[in-house]
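Letters are used for the chains, namely A, B, C and D, taken in the order the chains are written, and counting of residues starts over at 1 for each.
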């Protein structure tokens, strides 16, 4: 019997180690699993690497983890989003590392890890500062840089609905990074709005099949 | 001589977007282009977070917090629109599926070099977002910007002073003074605002202006 | 106004040149756009390269094109499927070339083209006959072969429903190669079961957004 | 001494598939494993054409021509199942998301080399399908096959005679005579059918048999 639901947010983030790389979904504040970040704050893991499009908004979610000094490094495309005060302060103070990755490369590097590939030749960044130190080659008359897979020890995603097999659906633009991050981590934890009975999700409409999901938690609806 | 305001620059660029085009609008002046789409044309606006068919801002009371664009602004979806994952949004960008990217810029150099992602301001963290992906991937890149900086320095240059987003990608530029196409050794003047002469515009431009035919006059409505 | 529907099967395949590479969807007989193959047979293009999972079944569809001597080369993972008599006869007679590609590599090479990448490092085939002549390298302790993008001049896909913007949905396992092939060709032609009004397809449920689709035809329902 | 029939080989292998596993079944004997899944376990079967949660054959009158498995056989979908694109089906395979692939084989060599895609029969075209992807990508590969060929030649060998599918991938082998694990320099005998002795089995095996502990007896029901 497959039942990926865990009873509490604490169980959802149990076992995440110091030094872990966490894929943090969301685009701005939309589709961001803020309750999982809060649970990880309470769990205590530190020295983390956060992979995220932005570097946290306001004082909650990823920003709260950063503020508490738990994040050693952020790998992202655009740290500044609505109200990026926490990251900016840490960054200016030199207390956090930033690895800047073009937004499409960020997604593609995670998909590359998810698909078991060793790397890919990307046209993006060629001739710019962000290609410095990267291997370059010409293929069919065009220049590319080698990009390597980016895998998470854990992925924190946020979904609208789930079933006990871990199948997930999303709402509108809250889909964003969730599907690719769910595929690209050793441990994928989903904060979901609603758990529905097995078979209630239309098999044509499931966006993230349960094979990619390890734990589901329904905040406020903990068993 | 009256330079165009931001809305008028957007209006002028909008007139050149063909019916049926798939278009990504960058943050800033380009975002305004959606407001001036000629009524008889169907244009499909793309957003990096996973939307095609982005519609106007929601009416009061109709806002959905899960429906934002890449600029993190609340939007709507047109009939025929679709949601998809961030990876597919960037597959569209990088794979040459977008007809047009209309972007803001700090500077454009002869040959089409684009600088629009960082000014190396030490007071804030750098962010690249999807700028490099769009510059490299869209079938055609056009820039909307002021002709000069607030300090009166030309933004159309022989060589970009700021770090490049991508070399050789910009085809056309809409400024508050003119419409210009990019050439290998200068800029080709296509249109100017009423009352401006070529010599004056040349003085505002840090690269040779070519005038192969008498430039047209930009006639925009008051906006 | 965007309307990708064409009136006839002949219009759907118009302009396809001799020597073209055609991405031919379907897995066995499921999801195969047989009416498009029939139309191409009548259209007359020859010396074709067919990219397909299998090499045609029975006497219709791709098999009919092969039987008529229109296909110079098949790129596929498994030529033999239910009733592969036509291909086998041509192959044994030395009248058709076969390029054998592992099934996952076939999909991934098309996605690579769709995403604008220059190539990828694949773990599949290493140490086998199918890696002969391919560049190999070790990344992070594991061996990979370099695989290059596979792009179609045209893709023939089959969908369940479509709207005039070209958005597509599929039925069950008929989805198979359709989405990736639709993304990976210069000209994508969809044979669809039903055309529905714009807005009738749930934007959460669209599998192939219209940006990837150029022509739609409803066989039997030609306008 | 009575060798196992094909159904009994499948039954024996089925007993080792853990509850909750994601499993791909190859064509031939492995396909039968689904029939002998222990009733109390939930096992999710994957099909290369884009299905998770493959169910049994449809009842008469319930067949859906759009719902087939990779062997092109009509199947059903279990509650909790999902459809997805072929690319994602192989991302699952190649990215290590499947717990187990149960495959047929012509030969397995010490060290785990697998030969299951071609015998170089000049009378038919070669086909690789998803064999290499599964061999390389699944977290664990187990083989189900006859211990010897119809001509009485061993299929467990020091070195494969047929072209490799992948080197070093097989962990366990179920034959009509025994259950064996793969070692670097031979095969580790775990179980034998009643009445068989090690010396006889060694005579049927073209590589050293290791017997670190007294082998168990395979007890299958009559099937």
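Assume a contact is a pair of C-beta atoms (placed from the backbone, for glycine too) under 8 Å apart; a residue touches a chain by one contact, two chains touch by 3 or more.
In this text the structure is predicted, and so the values were computed from the model without any measurement.
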Neighbouring chains shared between chain A and chain C, ordered by label: B, D
Chain-contact steps, minimal, separating chain D from chain B: 2
Between A-D and A-B, the pair joined by more C-beta contacts: A-B
Distance from chain D to chain C - Cα centre to Cα centre, in angstrom: 30
Averaged-CA centre spacing for the pair chain C and chain B, given as whole angstrom: 35
Residues of chain B whose C-beta touches two or more other chains: 77, 83-84, 90, 94, 136-137
Where chain A touches two or more other chains, by residue: 108, 111, 115-117, 122-123, 170-172, 203-204
Pairs of chains, among all present, that meet the touch criterion: A-B, A-C, A-D, B-C, C-D
Chain A - residues contacting chain B, complex: 27-31, 53, 55, 77-82, 84, 87-88, 91-92, 98, 100-105, 107-108, 110-111, 122-130, 170-180, 207
In the complex, chain D residues that touch chain C: 47-51, 64-70, 72, 77, 83-87, 90, 93-94, 123-133, 136-137, 163-167
Chain A contact footprint on chain C (complex, rising order): 108, 112, 115-123, 137, 139-140, 142, 144, 148, 169-172, 203-205
In the complex with chain D, residue positions of chain A that touch it: 1-2, 111, 113-117, 163-165, 167, 183, 198-199, 201, 203-204, 206, 209-212
Interface residues, chain D side, partner chain A - complex: 19-20, 22, 40-42, 44, 46, 52-53, 77, 79-84, 88, 90-92, 94-98, 136-137
